[in-house]
Amino acid sequence: MNTTSQPVIVAEKLDLTFQTNDGPVQALRDVNLTINKGDFVSFIGPSGCGKTTFLRVVAALEHPTGGQISVNGMTPDEARRARAYGYVFQAAGLYPWRTIEKNIMLPLEIMGYSSDEQAEHVDRVLKMVDLEGFGKKYPWQLSGGMQQRASIARALAFDAGILLMDEPFGALDEIVRDHLNEQLLALWDRTGMTVGFVTHSIPEAVYLSTRIVVMSPRPGRITDVIESTLPRERPLDIRDTPEFLEIAHRVREGLRAGHAYDD
Amino acid sequence: ADDVTLQLKWVTQAQFAGYYVALDQGFYEEEGLNVTIKPGGPDIAPAQVIAGGGADVVLDWMPSALASREKGLPLVNIAQPFKSSGMMLTCWKDTGIEKPEDLKDKTIGVWFFGNEYPFLSWMSSLGIPTDGSEGGVTVLKQGFNVDPLLQRQADCISTMTYNEYWQVLDAGVTPEELITFKYEDQGVATLEDGIYVMEENLADPEFEDKMVRFVRASMKGWKWAEENSDDAAMIVLDNDETGAQTETHQKRMMGEIAKLTAGSNGALDEADYQRTVDTLLGGGSDPVITKEPEGAWTHQITDKALN
Amino acid sequence: MTDATMTAPARSTGFGRAVRGTWNAVFPVVVVVSVIFAIWYAACVPMNIKAALDQAERDGVIVNPAGATARDRRDMSAIGLAFKNPEQAGDTFVQERPRLPAPHQVARELWKTTGDMVLRGKAFSKRSLLYHAWVTLSATVLGFAMGTVGGVALAVGIVHSRVMNMSVMPWAIASQTIPILAIAPMIIVVLNSIGITGLIPKAMISAYLSFFPVTVGMVKGLRSPDGMQLDLLKTYSASQGETFWKLRLPSSMPYFFTSMKIGMAASLVGAIVGEMPTGAVAGLGARLLAGSYYGQTIQIWAALFSAAILAAVLVGVIGALQRMTLKKMGMVR
Amino acid sequence: MNEGWIVGALAALLAASYVNIQVANSEGRDQAISRFFVPVLFGISLLVLWQGIVRGFNVPGVILPAPSDIWARFLASTSILWQDFVQTFVKGALSGYVMGAFAAFATALLVDRSDFLRRGILPVGNFMAALPIVGIAPILVMWFGFDWQSKAAVVVVMVFFPILVNTVEGLRATDMMQRDLMQTYAASYWQSLLKLRLPAAMPFIFNGLKVATTLALIGAIVAEFFGSPIRGMGFRISTEVGRLALDMVWAEILVAAIAGSAFYGAVALLESFVTFWHPSQRRSR
Amino acid sequence: MNTTSQPVIVAEKLDLTFQTNDGPVQALRDVNLTINKGDFVSFIGPSGCGKTTFLRVVAALEHPTGGQISVNGMTPDEARRARAYGYVFQAAGLYPWRTIEKNIMLPLEIMGYSSDEQAEHVDRVLKMVDLEGFGKKYPWQLSGGMQQRASIARALAFDAGILLMDEPFGALDEIVRDHLNEQLLALWDRTGMTVGFVTHSIPEAVYLSTRIVVMSPRPGRITDVIESTLPRERPLDIRDTPEFLEIAHRVREGLRAGHAYDD
């Protein structure tokens, strides 16, 4: 359990403005954030506040128009080339011409794992997301929730130091979600990786995170960063403790501040 | 006035000067005819046009007309303004060809589309196979122009004395570089550019009368054209809608055409007819026509028109 | 609403952006075209060298390799001959009937038969390509209209009738394997024999060639609404007609324009082909053929390019219509 | 005029339509047998109508022969037809198709690597694609000779642009997320080409390949009009029209239609194997 | 308000089997359910348990392969033709060539409302979902959440007796979701319409419903029907009452029974 304070992602005065036909859109403004090794940081905020954009900047899929960002002491692009990231997108995005198994193997093939290793990794992650026996199916033969789980498995199949997840559990029902939350926490605990996690669910954010970043739109910015006081060891029923409810309440207050209706 | 539609065998050029002159000089009008001349082209089979009712009277070469007749389309020659054939084979001298027998093993461009019959008859009379077998000639379907010769894709090509031959010379080739074989000289000439109508129409006195007037006026046109060669060429040029013909070429062509029409008053010469038929029947293994045709020509019109 | 959406980009992006956008579109084309011209000029030398040498020899010049006859040169490499006779290279750009005319020869011919004609007030004389382009254009547009209407009607039938879908589609595909270009002359004769003459037969060949892309595109387009969009209308208990007007037709618009572009190009080819068996008296097809009869390569190339330019203009017009319509529909972002 | 034939033909057409409507609306309409039966019956009824019109109106054989005459000619001339088929389809169309497809494919990969090239070549390509074949064919015959090589060259020119345009479009058809995924893996150009963009482009590429099948055959046939050896489908068609042997002309057209449809069908079959995953290939609803 | 016990939707021994390439899929088996006028019934259950399918059968978009179903005493098809339904799909499904306003007008045009009425209805529902001022925009100019709200507005624009909603709030963040939940309850209360509502969120189901139907997959069937004891009048903080938590607990238990992992 290495909770050393080694910074992994450091953003300073980050700005990102999209040029669109209707004029510029400030997706991120003056974002300052340091994420340390082993942190589990959740991002929460209304639609359009820049959560996805921030994750994309970290993964070098988008380039900031101002400010600084470093990942593992490198630029995000160098980190990407060093294969530092696992990324789970908001939609499953499986390749329809590959079976589930082959989809999960995709990053392994690209990163040059041996075929034995590939098979082994695939088995391990398929079990983790409860999809044993579905490896040989094609994506369209699975329900939306199962596809989403397969895409999570794909991101977990290789050992990335940084896992970025964009609303990975949005399409899942509560029970499956609870189950995957537990699995994810266990994995995080075991591997000590750094996680950036976008969600719309306050309980989920509180249950999973060491830190919760609350964002607000137009322009997209960080309005609050809440440190969790919960222990690392978190059974599901920790969600009924007053401490949990207290943090959830703070998050909700922070969120509400970003919305228009004050009723 | 009575309407008559004439389908030409080829595009507007001095080859058809007589008809354009008759139209232009009002000879048709004098006969009470309202004549429409339809130009032909590489894909137009006059026989098919007349069968489809697209024309009352067509110009065609006799081999093709006789072949159509055997196919069940009863065309009848009612007049023959062209006395002699303008077809010839034009070869590069440097290929070593000096006499017809040297054509063996050479590549020869031939016009198809019903114009191949004279060539096939000639070859079979020479005993040279054309089907690609040993000791024969390699036959190409020649396109519309003389490029195959100029590009040396063929050793010889078919040309008309009045048209393609001059195009070869226009391209800068000198007559000394070439050797030509006229079908007339080889004794295998077949009749060209005759006037044909459908047999069943001839029984109709009204149609017959129309044709009498048509042939009379046309022949008047031809004679005018022979005498006023350059003016006739200009009339043709005025009637060319493509705007692609040139004055020099048409004037020259008219001069050559006059040589072919000279000696014909319009009436078919039976001897010429018989020679054509014999040539075609002598077609060896793949004769153009299989039996002596009957009723393929008549003097019914020319007798009335010219006397 | 229309006005606002139409002017919006210009207002917010400014003139400079528009110019830069045009430049970005044009510059690569200019570069590619220049490269093509360079290759074209270079290719003229070996393509035309043999004729140039033959002519030079007739004029008394001694050409390399000395002693070889025209017959011998036929079998030699053209590039080799070009290198051995650099003095004759210049002759390859000025021939009257080249195998490959040089770009400036084609351009001069184009100018002579278009712009120059206009300047001399003979824009619509028989020797003007504008006149011939106009003749071709009228058959193209009529045929295109017939083909588009027919193609759309067929597509509507196929989408709405199961029998038509099952029985017609395979034959529509088979119909395109018939070499209509090859039998166009016969078609003209057949149509003539049942009394159809003039512009219509040509237009019908155009229509035959253009209906297929339109049908295929429109069948795709009319079927492009997804299950949910269709189900939505079902919950409103919308009629077939309403489903067609409010859903199928609007969603098919992008497909419609794309297939119209293909159909227009096909229609032009049809018109050109259709001109030949009508006596090839007027039109770009007639020009192509006339050039061909007399081995006027430069004239062929000029007619060829005017046909392509005409096609580009027609397709461009449809493209402009497409942009206008889709913008009005809010489907361009 | 012979009313019996016309009435009979119309009756046959109506009867066939009736049967087809019944089949198309029946339970078993999605079975392979009905998929085969309905279009075939429709085609047969059209042929019967044709026969009825020709016989009923006594259309001369030099204008339009009856299907029965065409069939008889077809059976009597199989060896000539076969020889023409080999010359035009196998040597001209097929070889040109393969060469054109490979050339287009290679160009597409090249164009795809550089945005500059794409923006430069595609408009020029579209312009060239609009050059009418009837103008190109005589030029190519002049350049490449009378045999099948010039026909193949015409076919190359005809199929090149549809395949190029479709392939380029296909290579750009991946959605953003799929490409981003490859980015996060730091995949190389070739990795992302092989594993993502080519498979995703396949439906588009096959669209181009299918269009090109019919173009290839037509191109090879028409090119023969401008000069050919004395065999080949285009040669035969143009020659036999001049000889008024229209039954032979239509027998060649029949061969063209069969060969063209089979070619199209073969490519479509290949497509269904390669792009089995694409929604248009999965008939569920 | 009218809580008469007049049955609106009556399903008896409903079966629905899809024939697929991989063999038959039993999407619904032996489903018996009666929904009365004015009921608010939520459907909850794991992915693939047949929630969507059941809603589609009610709306006559799918035909059962066995059993009986009647709507307002008619067949679903007749009810559909009588325009009994408003339907909100799992995805927004707006027509991209229509502005938001025009999208909302679509059903009104088809049902023959006058243009005055159309304008009035559009204004009313746009306000209801907080999209005033966006009527003239095209769908792609809006964020995903806003699109989803527009599609809800579209279903509310005409007066259907039965409102069927398939995870309408799935793509929205918690604050917006709370707000719309309140709005929806108010509307339901005011109009007395009957609502069928699919959700993955237990609190949402409990907060909104008079009855919660728990389903379970393979084959899709009803495993539990929980009657809510909550009053009709429900402020947001009713969610912290023991009564609420008790019902939520029952739902969670019911749901868990349908899942594989018993940890």
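For reference, chains read A, B, C, D and E in written order, and residue numbers begin at 1 within each chain.
Heads up, the rule we're going with is that a residue touches a chain if its C-beta (ideal position, glycine included) is under 8 Å from a C-beta of that chain, and two chains touch if they have at least 3 such contacts.
By chain, UniProt protein names: A, E = NitT/TauT family transport system ATP-binding protein; C, D = NitT/TauT family transport system permease protein.
Since the model is a prediction, treat every value here as computed from it, not as a measurement.
Counted as hops between touching chains, the shortest connection from chain B to chain E is 2.
Between C-D and B-C, more contacting C-beta pairs join the chains of C-D.
Note: the chain lying farthest from chain E is B, by mean C-alpha position.
Per-chain CA centroids place chain C at a distance of 19 Å from chain D. Spacing of chain B relative to chain C, judged by their CA centroids, is 36 angstrom. Chain A and chain C have Cα centroids separated by 52 Å. For this pair, chain B with chain D, the centres built from the Cα atoms lie 39 Å apart. Contact with two or more other chains is made by residues 99, 185-186, 189-190, 193, 276, 292, 333 of chain C.
Along chain A, residues 22 each make contact with two or more other chains. Residue positions of chain D touching 2 or more other chains, listed in rising order: 63, 138, 142, 225-226, 238, 241. Considering their complex, residues 50-51, 54-55, 58, 69-71, 74, 96-97, 99, 125-128, 184-186, 189-190, 192-193, 276-277, 279-282, 286-287, 289-296, 299 of chain C touch chain B. Of all residues in chain D, only 175, 177-178, 180-187, 191, 195-196, 199-200, 202, 275-279, 282 touch chain A in the complex they form. Touching chain D in their complex are the following residues of chain C: 24-25, 28-29, 31-33, 36, 47, 99-100, 162-163, 165-171, 173-174, 176-183, 185-186, 189-190, 193, 227, 265, 268-269, 272-273, 276, 284-285, 288, 292, 297, 300-301, 303-305, 307-308, 311-312, 315. For chain D in complex with chain B, the touching residues are 60-63, 138, 141-142, 145-146, 224-230, 235, 238-239, 241-245. Chain B meets chain C in the complex at residues 11-12, 38-45, 48-49, 51-54, 92, 94-95, 143-147, 150-152, 167, 171-172, 174, 177, 240-245, 249.
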